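Here subunit A shows up in two complexes: once beside subunit B, once beside subunit C.
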Partner chain A sequence: MSDVTLASGRLNYPVSPHARRGGLHAVQRRVGILMLAPAAIAFAIVILYPFFQALGLSLFEDTLQSIEPTFIGLANFKAILADPETWNSFGITVIYVGGATIGTLVLGLGWALILNQPFRGRKALRALTIMPWVVPSTVSAFIWAWIFNSRFGVINGIYLELGLIDVPKAWLSTPEGALIAVILTRIWRSIPLFMAFFLAGLQNVDQEQIDAARVDGAGNWAILRDHLLPHLRPVLIVVVVLGVIGGLQDFDTIYALTGGGPVSATSVLSISVYRKAFEQWDIGMASAMGVLWVATLLPPAYFYLRLLIKKGN
Partner chain B sequence: MFDLSSRTAKLVFGVSILLIGFYLFFPIYWMVISSFKANGELYQVLPTFFPRDVTLAHYWSVFTESQLGLYLVNSLIVSGASAAINTVLAVYAGYSFAKYRYPGRQPIMLFMLSAQMFPFGLLLISLYPVLTSFGLLDTRPGLILSYIVFALPVAVYMLYSYFTQVPDELIDAARADGASDLRIFHTIVLPISIPPVVTVFLYSFMWSWNDLLYSMTLIVSEDKRTIGPGLLLTYLNETNADWGGAMAASLVVSAPIVIAFMFLQRYFIQGVTAGAVK
Partner chain C sequence: MKLKKLVIATLAASLMASGAARAADLSWMGYSYAEESAKPSVEKIIKGFEAKTGKTVEPIASSFGDMQKNLLLRARSKTLPSIAQISERWLPSLSKLPGLVDYNTVLGKEYLEKTYAPEALAMGQIDGKQLAIPLMSGSIGMVANQAVLDKAGIKDLPKTIEEFKTDLELIRDKVPNSVPYAMATKNNSDILVDFLTWEYVFGAHVIDPQGKVVVDSDASKKALAFLVDLMKNRLVAPEIGRPDARRLVGQNAAAFYLDAPQSRAFLRSFSGQGKAFDVNVKPMQVPSLKAGDTPVSIQWAHLIIAFAQSNPPTKEDANMMFAEYLGDDAVETQFPVEQSALPGTISARANPVVADDVYLTAWAKNNTHPLRNEVGIWSNGGELTDILAQEVQAALLAQKSPEEAIASMGERMKASMTKAGYAQ
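Let's turn to the complex of A and B:
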């Protein structure tokens, strides 16, 4: 019995009601596993099983024409890698995720630094900032579609007033305009979360260190470069990793705003996979493309896990 | 943090706050005032930045002519149920990870957290036939179960990082008194964990409430349609673009979740950023 108490470390009470049968340790282990079980089962059914199922489907021909899925090895991958549309989708994904992450990083950090200064109305401004992040994705698409509207959009209105254009422009009908619009919408939606992370990171900056640096003659820029940014480095990494994962996963806003178009100008991987699966019903090809999509998610996911493990130790 | 006594510093600060603030809040402002403008004023090439006349006509039409009320009820049922399931699952799993030690704990935990790398769209491809074979396609239970995908990993992590902060002494003391583990959890730990549990509920709720992809694909019948696809199909089709109605409906579906988050924002930010900052 003394073994049990020793093994469990900090639980140093020798007489436990559980100790008689099987030992305290074993009972506790069982309780722990029991508590985990429901979530683990749900996880296996709705996430794990579909995931491996989709990996498997990428090796089959499974279209509307095929009666039964037939095993065709890597043929789907060959077809997909030979298709210029795939590479187009990859390129757009890189621009979309890269542009959105960098934009959000700069503006989110800037906004956090601003809201970290003491001024009147700061609290209210902080509370209001959460809005773009929590409005439904369809709503954010509506708002930006209306702002970019080809005839009555406010962007056209401002440009006309300023004399920058003579006739209203159909922004969302041009490839560049549509891509800029989806990136701007993504940045708008993600600033609040990035800001929250940076603001939390700024809370535990050592104020005395800053004051000392200031006495030594450091200006605002030097404080930012030599003290705040190095201090925020861990947060910066987390935010970039989460931003990239979120960007790669994003579907709703793009779909509602442009539907992946015009033609396929904003067709990021998520949209391409969806179109292949649920518009063309080519499940095999869609899964193969999905596997490539997973490959893009692996590096940021790896970094994310490493951060969690580091923190755990 | 910064010294704003110099003129340049003031200027940089002022310009930045105006520019970023405009980017963040103007779209919201634009949605709100567009929803109150009459059509004549709404459809002008040179728009008005303060509405000349305020009308509730769009709100009236949203509730009388569209199915928005139905979509709201559907979303409420589906989001509420999936958030409840998610929260219950995550509460126990998070506590188990935080306070128990058993073989496989660490790998299972990391595996669950890594679920963010499984693309939602890819999972949908196989969820679709799975739900079909169980007769759950185009049903609310099917959609509710599928929504576990979105929020469970982060919910587990949020509660895990909260529960690790609950002092072991509290639990050990109750154990010494002979209370069972489940009893300790239900009567001692849970009552002091209401804020994080509510936060996780709200987080899960938000994912389902805001979703378009899953409900658009897994629900076909109009009578079960939720707000995401409902709004899209009602207001954004080629022939009929009723922007006043779209903005009014947008405001109606956003208001509940925005208000809830404003109230709980403090807990929420703590929960989401937990662990990332250190």
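Let's turn to the complex of A and C:
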């Protein structure tokens, strides 16, 4: 025990009589709050205030016809839940988010495994892989709209050249074609991010362990299944949660590529909210739908935050 | 010393702020200013007004597709412009905006009737109020591309739908990679105009003047079946909106499409040939059900609405001076003609610049009885447009039969109109 410490455990430093108890902690706390304040204020203005305003509006009838919004309680929610279009929109959202997340997961992991191998030009290829992530989402949408275009599209060009079709096919005009197109666009945009996560995870794998497995006769599939995937488990969980959140938030790519059509084949929740608000001018219903949309985002967001906090601890 | 510096800095900042606030005497928000081909014409108007009155104008660009939405959003944030350019079909939905000026009370009913062509002025009236004045007017009618017709060996423009279909088949077979009729099959507001046109051709209606939904009729089913048949026979194509149609016609890859008289200006631009392309642009009558029927077209106009700058608004307000200036011959013989549309004023229409324009004369001759857009005019027009376009698309893409689509359209529209307060 140090000679500046009393038997009680308290420090025996000379302390100013004006000093308050826990002074250093209090100062740290105040500095912490001060540092947090700008972000907290920005969050309150940009996110929290509009959210609570939307929450309030969801309880009102607020359309183009109504000069003043009228309080109607939960009627908007009742109407939305009774509307088959809403359930259709939920269904499309599930397919879109599920398809895009699984597709990105498989292709992102595969691509990361390839880029983890030593070969000439690996660095350049890694840098190029980031491109779809860097390109603005609407630009990505226009690139894919051109690829799928029924008259000038690349896919039709190749198919016609190979003689697989006689007349150009309107890919974006069938519900399945349009949905596949928006999912593929999302996958293409998300692969770089997933790949970066997986690549980081793969670079932490103990190479000696892999070599030992190979000596024991393990093939590629066995190494992936028994060694790499268990090692990547925490990364897998994070990318799946991030993929789901990103998919649920997506609007711009789908709007630019299909506008939610044909009919309402690609009308995910975000598109439905936009249509209700800015095409049908029903702000109350759009707000109610927005609240439901946020509700679908909460579970994955909560799960992700819990993971982060756990990891932090 | 420090205090002195602070006072000077504060004064400078205040002066700059007040200067910024007084940057312009009025703001003009319009979609023509957002269009590359029309922007120089709008700038000419603004310069002319500023030179004549000494008042300054701040132009605000908004694309046509976003204009209605932007006005409604600005109304919510209390940042409405002093004056705005709108499409005639938006007026009913915008008529409840706060501060909208009734021109009768400021410029006088007599002056307006003396200045503007009656049918153009009527498009700006709601419940006896003159809430908008016309900047330019016309109709939405059919345009043919002479070069494509020549390639297909078609000598005369089709008069009936039978002749129309025969010509479309000829074009499909003789002009490879073409879309014979570039009908709007995407973008809800574009589908609305094209479907309405064919509804009227078949003698059908969607909503009557009292607000009753009447679309579920045999005539409507026949109209939609006609369009579905065109799609099945590859005479129209999916994924085409109005801008796509203009590009296709401008590049000699489509023979017919529906558009406003501005068509000529768009086609000059999209063909890359400028005025040299005019020989190919042929305004024509929309083919009728049988020979002798009155050809169909739909009312179309660009209107000007204003938001009060003083209470009550007066003729001396900058925006009222601007609105009055827009009716001046200097503007009306320039802007509409450059945009290939008819001016809204009587004197400009009589001016040789307009009267001697072969294209405008042909347009007026072919579209003598434009009909009202009976869907877009209702306060729930946005929802009605979505419903109509979705059902038409569903039929065109073979997801529903024409009968099912029309029945579903009727049911959904009735529910929407009932919700909006129009008894069914």
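The working rule: the second predicted complex is superposed on the first by the 291 of 313 C-alpha atoms of A that agree within 3 Å, B and C clash if a C-alpha of one lies under 4 Å from a C-alpha of the other, contacts with A are read in each partner's own complex, and residues count from 1 in each chain.
One rule holds in what follows: a residue touches a chain if its C-beta (ideal position, glycine included) is under 8 Å from a C-beta of that chain, and two chains touch if they have at least 3 such contacts.
These numbers come from a predicted model, not from an experiment.
Of the two partner chains placed around the shared chain by superposition, subunit C is the only one that A:A170 touches, whereas subunit B remains out of contact. Measured by the number of subunit A residues touched, the leading partner among subunit B and subunit C is B.
In the superposed model, A:L229 lies in contact with neither subunit B nor subunit C. Of the two partner chains placed by the overlay, subunit B and subunit C both lie in contact with A:F278. Shared-chain residue A:A212: touches no atom of subunit B or subunit C. In the superposition on chain A, A:I33 contacts subunit B only, with no contact to subunit C. When both complexes are overlaid on chain A, the residue A:R151 reaches subunit B and subunit C alike. After overlaying the two complexes on the shared chain, residue contacts for A:S264 are found with subunit C alone; subunit B is out of touch. Residue contacts after overlaying the shared chain place A:A44 against neither subunit B nor subunit C. Shared interface residues of subunit A, touching subunit B in one complex and subunit C in the other, are 149, 151, 278.
Within the complex formed with subunit A, the residues of subunit C that make contact are 69, 72, 93, 96, 177, 179, 185-188, 234, 237-239, 379-380, 382-383, 385-386, 390, 393-394, 397, 399, 420-421. Within the complex formed with subunit A, the residues of subunit B that make contact are 1-4, 9, 13, 16-17, 20-21, 23-25, 27-28, 30-31, 34, 42-47, 85, 88-90, 92-93, 95-97, 99-102, 105-106, 108, 110, 112-127, 130, 145-146, 148-149, 152, 156-157, 168, 172, 175-176, 178, 181-182, 185, 206, 209-213, 217, 227-229, 231-232, 235-236, 243, 246-247, 250, 253-254, 257-258, 261-262, 265, 269-270, 272-273, 275-278.
Subunit A contributes residues 63-65, 67, 149-151, 167, 170, 172-175, 259, 261-264, 275, 278-282 to its touches with subunit C in the complex. Note for the complex: subunit A touches subunit B at residues 10-11, 13, 16-17, 27-29, 31-33, 35-36, 38-40, 42-43, 45-47, 49-51, 53-54, 57, 107, 110-111, 113-114, 116-117, 125, 127-132, 134-147, 149, 151-152, 154, 156-157, 160-161, 168, 188, 191-193, 196-197, 199-205, 210, 214, 219-220, 223-224, 228, 234-235, 238-239, 245, 248-249, 251-252, 255-256, 269-270, 273-274, 277-278, 283, 286-287, 290-291, 293-294, 297-298, 300-301, 304-305, 307-309, 311-312.
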